[in-house]
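Each of the two complexes below includes subunit A, the first together with subunit B, the second together with subunit C.
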Partner chain A sequence: MVARFIKDDAVAALATAWARDYRLLAPVREGQAVVYRPWARDMHPFLGRPPTASAKQALLPQTENLLSYTYRKDHTDLTKTEVFLAEPVPPEPTVVLGCRPCDARGRKLLDRVFLERGVADPLYAAKRAATLFVTVACERLENTCFCHWTGGGPTSEEGSDVLLFAVAEGYAARAITPAGEKLLATLPEAPTPVSEELAARLAAPVEPGPAPDLRAAPERFLALFDDMDFWMDQSARCLSCGVCTYLCPTCSCFNITDEDRGLAGKRLRTWDTCMSALYTLEGSGHNPRVSRAMRLRNRVGHKFCYHPQEFPNAPENQPEVSCTGCGRCIKSCPVSVDIRRIVLDILEKGDK
Partner chain B sequence: MAEDDRIARLIAAVKAELPNVDFVLGYGRGFDPLHATPITVRTEADADKLIFDATCVENLATSLYAMRGKRLGLVVKGCDSRSVVELLQEKLVDRENLVVFGMPCEGVIDLAKVRVRADIAQARGAEFTETEVRLLLPEGERVLPRQDVLADKCLRCRYPNPLVADRMIGPEVTPKGAEDTYADLEGFEKLSEQERFDFWKRQMNRCIRCYACRNACPLCVCKHVCLADSREPHWLSAEATLQEKWLFQVMHALHLAGRCTECGECQRSCPMGIPILLLKRKMNRELKEVFNYEAGVDPEAVPPLHTFQMEEEKIKDRGQLW
Partner chain C sequence: MGQNPYMPQIATIVETFDETPDIKTFRVVLQDEAAMRAFHFEPGQVAQLSVFGTGESTFVINSPPTRMDYLQFTVMRVGELTHRLHTLKEGDPVGLRGPLGNHFDYESMKGRDIVFIGGGVGMAPLRTLLLFMLDNRADYGSITLIYGGRTPEHLCYKEELAEWSARGDMRVELTVDNADKNWRHRTGVVPAVLTDLNMSAQNAVAITCGPPIMIRFTIQALAQLGFTDEQIVTTLERRMKCGVGLCGRCNIGDKFVCVDGPVFTQAQLKGLPQEF
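After this line comes the complex of A and B, so read on.
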């Protein structure tokens, strides 16, 4: 098996080399958080823990400029105003370093939304084509991890261009795609002990334990749809904040706003969250999802019912859910809402 | 054993009140032994799931305003009870519709402090004694001095016993401190204005505008009609810039001045670990100095910024106004 070897102390040098050809996003520690930052000299990439927010931000930034506009008045005829539009700058080739297999798999689910629904989103498509994921394979499952429920795993290759495996004194790097191979081209082939260590690890992967059968989840979710006591009990603790959706590698909802500054302005696409009451607030003042119970129901339903219904797998297979089991929504939830618990309760109580 | 007895008494008290309330909000076990999670108790079987220990960090009073109109039972620690008192002071909750279960508290753990000392991502068990936190980790047992991982607010706690309770589940606890000296602010206040601003720029840069800080705040009752979300008038841009992030925190701190009881939920809830309680502590210190006032301790007191006097004792603005 071909693998390259990156010594621990060579990670920063490699990042520096990549940063010459790419915009490089690398995880660094800030307080207790691990955040992606554009590469700068003297940065210390931290690969030891999954970053606090997912790598989604590389493809769907929190703020994205859709266009800029300027109004110009015709001073000879004040009834006339001209509008000048400026398109956004095309994305730079980008490398995301240090995401996890669950993040990389998020790409596929974002593709579903932005590329595979009849109309491809040109901004997303451009970023998608320009972005490479250098993923760190996981050596263990944290208490909040459940990638194996969703078709992933600690060493899943799906969505990654390069997969790094922690070995003694560094990383064994495997190219998954030709673009990934290009990234690794300058590195020496891994010495024999490293290759053996990697082979041993791949032969005996982390055993994530049993996963529930999710095939009935869409149907049982719908059976419980109008059971507001069920949703009230699930959501009474929910604060309606945006932690779960903003940190999620697959949540794709956005808002579009025009930010006017006099005669100039920007049309922005920004992250939106279905946990907010404003998400469904209509112009009339009516809000079809007025309670937290309805909103939490939507988040769970979207991932485990509506998505599998829109992109169905063969009925004998596990459904494709729009969740990669990264567990960020559980780990960072201020009140420990556990989407696994909700799904298990749906499977149990929706069985009428 | 004493703790088990206390939980049994809490459960019995909750069961006794169940016929009088729509439901009780209390603590249940979360996804692992270091996390509690708020639970709704409607039935006796639900009540049997109640827990109370050093992991019960959430301030359940945060849900009170959103649930007004319901007849509610609420489990509170001493610090949480101050939020209830403040909400009563501001007439934001109806005392008649509220049954408070008071839990005198020896302090809760700050998981951020635990994480600095131990990798708890795979914690299998946790035990809390008077002096220790015993963690069961995959590599074996890890014992931390309890004092090292208690939340800062607990180390200086003056109100471990709930200030308002219909059913107090004792025994009462001796307060840790007599007066808050705000010693923790000293180092920060010594910095120059530029250094302080640079500090906040660094910290706020990683804010993701999830508004967990706002929504976790028991007194931030505007929630989704907050001016951070208002389009008309358009106070804040949707653009996630440092300026907008910082502006919101300043507004939050100012709106909480003289109301904040320093439960710390804003900071604890921040997924990015931004030390925003510092801003509130600073405001409260000023309020203490100017108005000799402390929020949420006296249900009859009027918060200083809810009223005015023609001549404030410590504000020398006469002559400058005219």
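After this line comes the complex of A and C, so read on.
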């Protein structure tokens, strides 16, 4: 496939062109963080390092409308009330610029939940169909990166529509899907030196180092399930803040709440976190996951045991885990809980 | 977009009455008559009731599919949504999403002796199956109901309990923790009554629902009476939001109570991580 070339100083112009046809989410620096913002004039997209939050917000926004309601009182008989419901507004076509291969692979895992588990979620499906991912291939692994544990890699194409490779003076762009091809149609073909640089990079990819064999992870997790000393130890530092789940490209749990404005309002879906005690607290006061240890166990268990059980691979292959190894839960954890350490401990201590 | 699974149908409350000081029963009918005629569910399935502006919560449909004049729900006042529901009156609209979840496997119960063991508001799912069985009485062997509450006034469905006792084709054993001077039935906790009655496990199936502590001791008592794990059926309660297996919170291991449950046999529960 032919590569196109985007000069460094042409990125903003390209974004402006895309923003005419799409809602464009672009990464920008805000303080220490790199966050996605809707495109605005004079914005400077920053592609230099993975954004602080994952790109899942394009498909599963932090807050979205599930329905709207309106009550109507009968003015001649005030005991009578009627209620009317309305569907949410369909999503706009969207381009996400500057996500990373780990984010793009998160799409597949969100698809598992929202399209393949049982009931296909039409709100998610509509966003999924309307959203294109323009991904920046990684030149190196940060010390929190472990995409290679989970079947990904620094140049993985899975889930991306366009893959950008940083080269001298700009980016070599490869379309992965026909929709991505359309996005690149106006760009010039990469000149020979750029093509050669790209070919050399693809021929000698970043060597991510060894990865553990995760095939026994589900079984060993279950072997340790009732070992509360193990889970107390792993969760001793955890603050239940939930940042790990909010920044995760695959965490998909949500809450549903009503926002009431008198006689009208909205039913909203918002991100939720299994790290919160409120997540499972029942009206009676009973809570099946009353301690931090139980909640951390659920987060790790869902990603490395329950997901592979629900979507099994052939036993000789590595399991599909609900984690893309982006490392955000490690990098942003205020108390340095490291899911890699927990998984390695499960593999070691669950083998009895 | 396809069918929005979060979009309720609108129903009207046609009747409400108090069961106990903090439990009310609601009878509702879908406003769309064709949808009401087409509403099909199985005993044990649940639905989400909405009060728009407050939220949504899960309740078992406790009228049986053999009696479709209305859908009945029994609601204990414990949280924000249930407080709000208790303020509603006949004629008020509510949202209804359902049916959701799995159901009692009444086919496999045909020809067997049935023991219902209920506590408090846990009588609601048992009521659905009991009425379904009474409406198909010839399909089942003997039917026994053991039902308990804290005090006589904490029992639900008081008029029906008297009707069922008088029927002659089923046995009703009532018990309370604290009796008053008019109480003519048993006193003591439900599992103790079960043991006292020495219910036979032969060709029987036990269906239990109630507070978690009652269920735990009931299962122990049933095991002592010789009931196997396959002969013990219960329904689980979890906090739920979406009701369609997506929002995540009702998982037990890789199962979701809202789609794989709420009905489980004790054998199925033993195969899950013990986190409920």
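By definition in this document, the second predicted complex is superposed on the first by the 351 of 352 C-alpha atoms of A that agree within 3 Å, B and C clash if a C-alpha of one lies under 4 Å from a C-alpha of the other, contacts with A are read in each partner's own complex, and residues count from 1 in each chain.
We take it that a residue touches a chain if its C-beta (ideal position, glycine included) is under 8 Å from a C-beta of that chain, and two chains touch if they have at least 3 such contacts.
Everything quoted here is computed from the prediction, not taken from an experiment.
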Ask   = Overlaying on subunit A: subunit B and subunit C, fit or clash?
value = fit
Ask   = In the superposed arrangement, which partner chain does A:Q32 touch: subunit B (first), subunit C (second), both, or neither?
value = first
Request  = Answer with first, second, both or neither: which of subunit B and subunit C does A:T76 touch in the superposed model?
outcome  = neither
Query = Once the shared chain is lined up, is A:R267 touching subunit B (first), subunit C (second), both, or neither of them?
reply = second
Request  = Write the angle, vertex at the C-alpha centre of subunit A, between the C-alpha centres of subunit B and subunit C, to the nearest 10 degrees.
outcome  = 90
Task = Please indicate which partner A:Y306 is in contact with in the superposed arrangement: first for subunit B, second for subunit C, both, or neither.
result = second
Ask   = Is A:T192 in contact with subunit B, with subunit C, with both, or with neither (first, second, both, neither)?
value = neither
Inquiry  = Taking the superposition on A as described, I'd like to know which of subunit B and subunit C A:N255 touches: first, second, both or neither.
reply    = both
Task = Look across subunit B and subunit C in the superposition and give the shortest C-alpha distance you find, in Å.
result = 6
Remark   = The shared contact residues of subunit A with subunit B and subunit C are 255, 257
Task = In the complex, go through subunit B and note every residue touching subunit A.
result = 23, 25, 30-32, 35-40, 42, 58, 62-63, 66-67, 112, 115-116, 121-123, 138, 202-203, 205-206, 208-212, 214-216, 223-224, 229, 231, 237-241, 265, 268-269, 271-275
Task = Going by the contact rule at the top, pick out the subunit C residues touching subunit A in the complex.
result = 1-8, 10, 52-57, 78-79, 82, 89, 91-93, 95, 211-212, 237-239, 241-242, 244-249, 251-254, 259, 273-276
Remark   = In their shared complex, subunit B is touched by residues of subunit A numbered 30-33, 35, 49, 52-53, 62-63, 140-144, 232-233, 236-237, 239-243, 246-247, 255, 257, 259, 266, 268, 270-271, 273, 276-278, 292, 330, 332, 334-338, 340-341
Message = Going by the contact rule set out above, which residues of subunit A touch subunit C in the complex?
response = 66-67, 69, 71, 79-83, 85, 87-88, 90, 113-114, 117-123, 125-126, 222, 225-226, 252-258, 260, 265, 267, 269, 272, 274, 279-284, 286, 288-289, 294, 298, 301-302, 305-307, 309-310
